Each structure stands twice: as structure tokens, then as C-alpha cells.
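Please find one structure pasted underneath; my questions will follow.
Order of writing sets the labels: A, B, C and D. Residues in every chain begin at 1.
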Amino acid sequence: MKKTVVKFFQILAVFSLLFLAACSGSAIDSSSSSGNKEEEGDSKDPVKLGFILSLTGNFASMGTPVKEGIELFFEENPEIDGRKVELIFEDDAGDPQAALRKYEQLTLNQGVNIVGGGTVGSIALALRDKVDADKKVPLINVVGSTDVMSWEKKSDYVWRTSFSAWQYASISGKFTAEGVGKNAVIIASDYVAGHEIVTDFIPSFEEGGGKVSDIVWAPLGTSDFSSYLTQIDKANPEAVFMFIPGADGSRFIQQYQSFGLQDKYTLVEGGSLLNAPFNIKAVGNAVVGGKMITNYFPELENEVNEKFVKAYQAKFNKIPDNYVVNGYDTGKLISQVVKEAGSLDGEKLVSVLKKGVTIDSPRGPIEMDPVTHTLIQNMYVIEGKEMNGEITFELIKTYENIEMPKENVGYKKY
Amino acid sequence: MSLMKVEKLNKSFKAINVLKDATIELQQGERHVIIGPNGAGKTTFINCLYGTLKFESGDVFLEGKLIKDVPSHERVHLGMARTFQKNNLFNDLTVEENIYLAILSEKPYKMNFFKSLSEYLDIKRESKEMLLQWEMQDRRYVKVKNLSYGEQRVLEIMLALCAKPKILLLDEPTSGMSPSETVRTTELIKKIPRSVTLLMIEHDMEVVFSTADRITVLHHGETILSGTPEEVRGNEMIQEIYFGGGARNHA
Amino acid sequence: MDLFIVNTLSGLTYGMLLFLMASGLSIVFGLMRIINLAHGSFFLFGSYVAYAMISRGMNFWLALLLSTICVTVLALLLEKFLISRFHGNEASQVLLTLGLIFVIGDITLWIWGGDFLSIPVPSILDFSFAISESSFPIYRLFVIAIGIICAVLLWYFETKTKVGMIIRAGVDDMEMVGALGFNIKLIFSAVFLFGAALAAIGGVLSGPILGMYPKMEFEILVNSLVIVLIGGLGSWKGAFIGAILIGIIDSFGKIYLPDVSVLLIFVVMVIVLMFKPTGLFGRVES
Amino acid sequence: MKKSIIVTLLLAVSICALPFVISPFVLFMLTEVLIMAIFAMSLGLIMGFGGLQSLGHSAFFGIGAYTVAVLSQYVTSIYILLPAAIILSGIFALLTGLIAVRNKGIFFLMITLAITQMLFLFFRQSDLWGGADGLGTSVKPNLGFMELVSPLSLFYFAGAFFILSYFVLRLFVNSPLGKGLKGVMENEGRMIALGYNVKKYQIIAYVFAGGLAGLAGGLYIFKTQFASPELFSVHMATTVLIMVFIGGLGTLFGPVIGAGVFIFLQNYISTMTDRWSLIMGLLFIVIVLYNRGGILQLLQIVGKKLMPSKNLLVDKKGATIIELNESGKAK
């Protein structure tokens, strides 16, 4: 036994030496050298951008469009202030542990200057903790919507180009009370993000005079909603507010139609689920009559958007959704910040962000709020229409410049 | 007092009664052989005695104690051991490792997990004795699956004996053996000390009559006769149903 | 009352979809002692193929037929070249079929992307009927009917036909069937393909209800494994009862025990296994 | 015992020497390899020595991880955190083992899979401990006299536990209990006939492996400082299963090699292409088709060719080697 083991170790040693020869540098004395490079701040250093997105797995449908948006922007703008842009995309497959590993790879191995990512809430939070602990490179959060990242878990190094739960849900509540009806049933996915949306929805809905008659919690991965649909039917509300992200949500809307609820109660959707072109294709005319609250939709009329939609269609032969815009704006934000900072040093980049940055986005003018680290942006209410067999959206109301509260508003938790 | 007593054992599979009031009594040190045609329920009988199978009714006494509810694996510690009709060994382990496992079963330290087995010297000694006694010393590092069939049959018996049983149940120890192997094995069985009581199923009549002190005949699940070899040989009914009708099948 | 009826029917719908998946899994195991973890991939692959055909304008029923054939061919290839090599080797089967899950899953992701897709309800079944104040889609009734028809056919096939009897005997003792001169390999392949076809039908039928997206095969697989564990390996009757049980528990659990509804089926599984380790209709291994 | 000590010392020396020659990122990856190696070894124990195929081993890893992540909000000492992780996952292994071990083979696999899936769903949906968002912590290994902060010290920390686990496992598999377990795997019926309570052996091994996996999970939190429901996922269980198979079933060190190869492969391939999961699936199939013994056996064959040795056949415990020779002869 001993002989085999010893022999085995000899072989192992050979193998590992071969392998290690390929990886230059040593862990023990390189800690000091890695810091130097950035401080010299040669203005013509290329910009290395690392993105950790969910490109496979359950959330591939969110990660992939973000990637497309980023690619589109940097294809249009291959250089920032004379610096070459180097894009590195890593896949986390929807797993925060993988995302953390990729973060180390990007920072330790590739030496990226800015990290983008966070396709899912858990990944955004995991990366946020790590980036905040390291305080080396800024993180641009592309999708994660949890409110605490603007409040208790705010970090100088973490900024988001997406939206917050509060922005969506409070506008949804306001609109439902103003424009749909005072009696609503809520159906939401039974996990942290769902509870957060409901927590933010109810106060603004009640402020408008609304009353929630029932809250239905559907577990993640619910495939059959019929029990819940009968429950909603029993409550007989004027409006049904839903927050069910991903495949579950598409299923829900379909079953909502097939059980005949579509014609009875107005559906208000607060998860930016339906304006994604692919989702519409999947659920078909089930969205007709439904109201959706979103920060972007492709039919939006402004100059930047028209150019953007055209360019995206030319490159990918699809209609963009708001994940693409998140990616596109992430690129725009990074480019602007690097230009203003004139350096790739993390601290300088952050100080530019803290002064406040305004960018022209396809979703209209947006401003990075230096206090909440979340965009101040318009919220649009749109309604699904069917015209000649095509599903389109019509803008029915705009809420302008929605700003996160500066501190936790302390709503009652649901 | 008899060493083991089995009373009115009944066992059925689905609707078929395999054992009907099967009864047997073993005296200390005797060589007791069960014979009977194929399908008479002999192996089922042994399986019931050993607790491998549950049965509907009947009692099994060992040294006067009722043991029918004792789990199979604990019967070894009461002094029972068995072999199998089909070789049932650790094929991927060596002969020595097989013996180790059999001896280890009786050791107080068998559940110890912070000391290497090779540091227990008594087990080494006992296994060496066993191997010498059964003339397997030079085969000890061979994997069981590479042994000849006869050697595997012998190892079956050795494993059972390692537990130092009071009573040993042998299920056709010579089945499938060549004539010379049968002779050798029979000699080895005869060498088993009289402190071990043997209950054996056997088809080979030569082996039966050369080893048995008493014979029990099992027919359609019933123990129709129990007696000395002479009594069995002389019984007309036995001649009829066993030697008459079935002998050709078991030659 | 209407709540009760709607929930029962919904539970049955879901149960029947799972039954189509689980029965194949169970029979294949019962006969061949092969656990095909990739059975869920057949289910999902079937619905993706049907989606591809229907979205190009094909008729639902034709797509149902063609995608079932497609999956059966796939199953044939896998059985012939991979799975049949590992009879009796559990560890290899597990690893092999796990590998197949990843391969098939990633190929579907490659082709169809990560978005949620669904198959439109065939137009002749695209209406609802009323149960007092609630309404219930007719398509779901159709799915229940198909599930029951499949169960009846299975029962007829098993008890009344010669091949069925051979298979039933094979579940008990494969060697004997071989000794009687039947071609075991052929029977194995046929049963494997039959199971795959059932899964594919289930997949296509679920398209308008559950839709499809990457990794769905895992959810379907775990649910059918629970059903098989509850019903007993190797018994399609067990799969039938188990599937109905799980469907109903799922549907009513959501209403009456909303907080633990996702865990409910596992709780039932644990309880059944505590009292009957081999499941409700499972054979006791000797 | 002596052999175990020698091998363990060899391991310790190589682990101590490694950081002098590798880059910080490789060091980071190796820390993960060491932790996952403990996890893989624990599964290797019940699979390769106990014959219990589990597709739910991530349950214990996750419990260990969550134990440390949750308790670290109140205490920081590793002398409380890690034992708690081991004990809690051990208790869970005992409870589930009592149900699962009653069945053999594929049944066992299916039950463990279902139990893990149940935990995954529970932790994802739960309001406690962050739910689907996961639970971040800032805990660092606190040894009482010092706190380990640098990546290097974390590497040695993981290394120390790896060596300890390896040593304990070596003792375990060579002990009377370990040998008995192997016997149960080889032939359960005969073990019963020999007077062994086989279920007890399997449960002890299962609890032992569960506790060890819990330790690995606890260590993992010190490295990533983030617990998420994905730790319980079937994907995680599959990952560790493939590590065991890559390295070789039935050996103690095989899973360690498997963990190393897998983690590096995964990281580099998933950087190069999005089709990692396809490649992983193909890897499974290739392993099953061509290399049942895993990499360790492959290395041994290569090793034998490079450094022929005369008395290999007599090597009484080198089970795989003897087997290879025989199959070689048979061909």
C-alpha cells in the first residue's frame, strides 16, 4: 500500500509541477505587486471590464440579453477616452457560489478594473458583500432589485443600473389605486424578492385609498396555479397585482387566461415580465388588457431609443427588452465614469459616481443617485393590445423621475 | 436436553405451503442430515431456522431458549452459523480478508474505528490457524473469485466455522463438486470437532450415509421421518417416495 | 363546492402528466433494473420538439405524433449504444444517465435558448366550461382523459395480452422468461422505447399547461421519483396511484397548507417509506 | 497506523510547499479544491467503501454551511462553529439514514435525492436566513489566539482540515469497522449470516460521511462568506458525485484528485465556452464508457509503466492493481 501511495505521489508531484509551471508567479510574494499597476494610472491603459452573468441555467433568459446590451454598446463605442476596451464575460449559471469564484478569477487573474453582474438577487448580494469587503473594483449591478442595496447594504463600490423593488412596487400600488380599482388581490412568489415587492406595494396602494382583500403566496417553481386562481376568483377583486418572475410568471398569465380570469379582473404586473418579447411570444394574447409597470419598453418614443432599437435589431434580429437596456446603460455608465475619472483606479471611479452621473438612456434621461446608488428614472405604465394578430404595448401613463427614498422607509413587512 | 428443537414450523410463499409442521430435534454433537427431493423445502427450512426468512407459526428453541424473534445477525452470537447452497462469499476480497471478516464478527472491537485492523494480532493468529487447518495457507492472498469452485465451497464452511459455533447449518456443502473434491470435503467435514453440532442438507447419498448420525426426511414440507441411517434405509415408505421415485433425479 | 371540484380536477391534470412520466420510469426499472435518470429529459425534449414544429405552423396532433416518434428514436439510439451496455451496473447507469441529462439539457438550451416557451392549446380544445361560478379549461379535461386512457391501455396490455404477460413475468423473474425462449433484449428495448414514448406524450401534452424552460427536467424528474418511491418501483399501478396522490396533495396543499405546500409531497413520501420501505405497491426483494 | 502517518506527513509537506510556487488565483482555487476534496472524500467513503450511491450528499454540505453562516452572527470561534456544523449534519444524516438505509441501491439514491431537493426548496422559500437571496457573513476563522484573514492563511487552514480528514478517513477504512463496512458492500447477505448488523454499519458510515461533509460545508463558508440555497441543489450533489467518479471509486485519494481535476476543468472550460454543462455531461459518459477506475487508477497504470516494480502482485491490499493485472492477462 505504501509503495503505491508513494509512487502515486511522485506522479502527482510531476503533474502538479507541470501544471504550476504554467501558472507563473507565487502567492506569497505577489500580493504587493498587484497593487502597483493601477496606481501608476497611465491614461492609455486599456480598460478591462469583467461581467459575471447567468448565461446558462434557470436564469439564462435574463443574463443573455444583458450581455447583448453590453456587447452592443461597446461595439458602437470600442474605445473610452482613447483606451481600448476589453470585455470578459463569465457565466455563473445562476449560482452565487460560482459567481464568487468567477469574481476572484476576474480580479486576481485577469485584473479587471470594473465588475458588472448580479443577474439574480442572491448573486447581486453575494457579489456586493465581496466587493464591499475588498474595496478594490466597483461593481455595477445589472438586474438585482433588492431595496437594501440602496439603504442598509449600500456600498461605495456598488451601483445599480437596473431598478429597485421600491421603484416598481410603489408605482404599481399608486397606479393600481388611481387607474384600476380600490379592491385588489395580490399574488406573489413566496421568496424574499416577492415579499419585498408586496411590502412596498401595499403602503402606496393603501395611500391611494386601495384595500388588499387577499394575498396569495405561490412557491417558486409552481407549475400549476389553478388552486390559486380559484382562490382569486373567490375574492372577486377589481385588480389582481402579480409579482411572479421567470417561467412561473408566464405560466401564471397563461393559466389566468385559460381559467377565464383575464376578462373578469384587470391584471397589474409589476415584475417587468411581459415586456420581454420572448415572454409575449410564449403567452400570446393572454397579456391583452393587462397593465404593466416598467422602466422600459421597446415602443418608447425618444431619439436614443429609436437608434438603439434599430441597432439592436440589426445585430441580433430581435426586439430588445429591458434587460438589454440594463446592459446597454451599464456600458454607457461605465464609459462615462471612466472618461470623467481619467483613471482606472477604483477609488477615483467611485468618487466620480458619488458626484452623480447623468446619462442619455433609451429609457429616457436617467441619473445615478449618489445617495441611494440607484437610478432616478421614469416608470411607465403600459397596456397589452392586440393588433392584426401582433401583440404591442401602448403607453397609458408615465411617472417621471422616480427616486428611491434616501433611507429605509420602514414599511410593515409581509 | 437437546441442543436445538424446532416445533411445528409453517411457512408459505404466496399461497403455497412450503413447510407444514416441520419438526426436528438436534442432540449435542450429533451429525444430523436432512434429505428430501428437490422442492421439499430443505433450504427454506434452514433459512427459517437461521432467521433469514420469517415464518407463520412454529417455535425454534436453542438450548431451551425460544429464539424465533432473535434477528438473524444476532444468532451467530448465540452459537449458530450457516453456509449457503450457492457460494455466498466476498468475491472481490482475498481469502484472508474473507476469514478476517468472519473472525471479526465475534470480536468485541468489531465496531472500533480508530485503530487499524492489522494491529490486532489475535485475529491474525486465529486466521492463520484456520487457514492451516483447512489447507488454504498458500491461497490466502488470492481473490475469492479466482479460486476454484471446490476451494470456494471449502471457504464457505471455513467462514461459518470462524464464529466457533455450537451448531453449524450446512446447505449442500458438496453441491457442484467434482468427485475428488467431494471426497476431500467430506474428509474435512468429518474432521470438524464433535463440539460442533452439524445440521446438513445433502443430496449425495454416499456423503449422507458416511457422515450422518441421524437423518430427517423432508417431503412436501413435512418431516415424515427422523431416525438413524439404518432406520431410514429400512423404512418402506421412504424407499417408496424417496429412493424409489426420486433417486434417479439426485444421482 | 366548485372550489373542491376545480381543485380536484387540477390535481388530476397535474397527476396525469406526472403519471405519463413516472409510469415509464417505473416499468423500465421493474423490468430491466435500470434507473433512467434521463427520463425527464425525454419529457422535456418531447415538448421542445413539438414546440419547434408547432411554431412553424404544424398541426398540434401531427406534432404530437412526430415528436413522440422523434423521442422514441432518440431513446432507441441511447438504449442501443449506451444504456444496454450497463445492465446490472448501477453506478455506471447513474453516472451515464446523469450525463445524458446534462447533454440533452444543454443541447436544448443551445437550440431553443433559455426563455420560457409554451405550446398554444389546440384550437378545438381552446375553450372552458363553467363549474358554477368558476370555469375550467377543457384542455385539462382532455389531459386527464388521455392519462386515464393510457392507464386503461396499460392494464389491458399487461393482463390480457401475451406480451404483457411475458413482461409481467419478467418483472418477477427475468431469467425464467429468457429460459422460456423469449428474446429478452427485444423485450427490454421495446419497454424502454415505450416508456420514452409515454414520457414524450406527457411532455407534449404539458406544453400548453406547464410550458418549458431549461432545467425543468430536474423538477419533473424529482417529482416522478417521489411518485415512484411512493407507488413502488416496477409497478405502473403504483405510479398511477402515486401520481394522483401527488397531484391532489399538491393542489389542495396550496390552499389549505400554503406555507409548507412545496414540502408536502416529500413529507408524504417519508411517511409512506417509514411504513412501507418499498412503496405502496412495491415488490419485496428477497 | 505508521503508514497512515507517513502518508499524511507527505501530504502535509506538499501542501505547505505549494504556495511558494503558485499564483494567488491558483492558491484561491486550491483552497476550494481542498475543501471540496473533504466533501468528495466523504461521499467516496459511503460510495466506494459502503456501496451507498447517494445523489443527495449536498444536503450535509449545505447544513454545515448554513450552520456556520447562521451561528457566525453570534459567535466567531471555530471551536464552536465547526463542531456545530459537524454535529448538526451528523444528526441530519442519522435521521435521514434511518429511512434511506432501509433500502438498497437505486432506492437509496432516489430517497437521498428527494431529501436534498426538499431541503433546497425549504431554504429557497424560507423567510429565515435570507431565503433565496442567501445569507452573507463576515466570519473569518477565529482560532482563539488569532484570526485568519489572508488568503494564504485560509489555504493553510483548509489544508490542515484536509489532512486531518484524510488521516481520520484512512484510519476509518482500515479499522475493524471500515473493513466490516467493505464487507457489507461486497456481500450484505453473507455479512448478516456472519453475525453483523449491517444496517448499523451503513448508518454509522452514513453519519460519519454526513458529519465530514458538514465540516466541508462549514469550511466553505469561511472561504466564500456566503451561504445560498444552491449549496443544497441537485447540481451540487451531482458535482461531488462526478468528482468521486473522476478520481476513482473505492479509493480514498481518488475523490481528492477528482475534486482537483474537476474544479480546474470547470473553471477554465466555463471561461472558454458557455457549453460547460454539455462538456460535463459528455465527461460523465466518457468516464463510464472508457475508464471505470477513474484517474487515480489511470495514474497508477502510468506509474507502473514508468517505474516498474516486481512485487506488485503480492501487494495484498492493492486491490485495484491486482485486478488490473488479471484483466490484463485475460485480454
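In this text, a residue touches a chain if its C-beta (ideal position, glycine included) is under 8 Å from a C-beta of that chain, and two chains touch if they have at least 3 such contacts.
Just so it is clear, the structure is predicted and the values come from calculations on it, not from any experiment.
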item: Shortest chain-hopping distance from chain B out to chain C; value: 2
item: Inter-chain pair with the most contacting C-beta pairs; value: A-D
item: Chain centroid nearest the full-protein CA centroid; value: D
item: Between chain D and chain C, distance of the C-alpha-averaged centres to the nearest whole Å; value: 33
item: Geometric centre distance via CA averages, chain D-chain B, whole Å; value: 42
item: Inter-chain centre distance, chain A versus chain C - centres from mean C-alpha coordinates, in Å; value: 36
item: Geometric centre distance via CA averages, chain B-chain A, whole Å; value: 72
item: Interface hub residues of chain D, defined as touching at least two other chains; value: 121, 125, 277
item: Chain B residues counted as touching two or more neighbouring chains; value: none
item: Chain A residues counted as touching two or more neighbouring chains; value: 56, 190, 219, 221
item: Chain pairs that touch, as defined at the top of this document; value: A-C, A-D, B-D, C-D
item: Parts of chain A lying in touch with chain C, wherever the complex brings them together; value: 56-61, 63-64, 190, 216-219, 221-224, 226-228, 230-231, 233-234, 246-247, 250-251, 254-255, 258-260, 276, 278-279, 281-284
item: Chain C-facing residues of chain D, complex; value: 47, 53, 55, 99, 102-107, 109-111, 113-115, 117-118, 121-122, 125, 234, 238, 241-242, 245, 249, 275, 277-278, 280-285, 287-289, 292
item: Complex contact set, residues of chain C against chain A; value: 2-3, 6-7, 9-10, 13-14, 106, 109, 113-118, 120-121, 128, 133-137, 139-140, 208-211, 213-216, 219, 250-252, 254-255, 258-259, 261-262
item: Residues of chain D that touch chain B when the two form their complex; value: 1, 4, 171-172, 174-180, 182-183, 186-187, 189-198, 200, 204, 208, 314, 316, 319, 322-323, 326
item: Residues of chain C that touch chain D when the two form their complex; value: 29, 35, 82, 85-86, 90-92, 94-96, 98-107, 109-110, 218, 222, 225-226, 228-229, 233, 262-263, 266, 269-270, 273-274, 277-278, 285
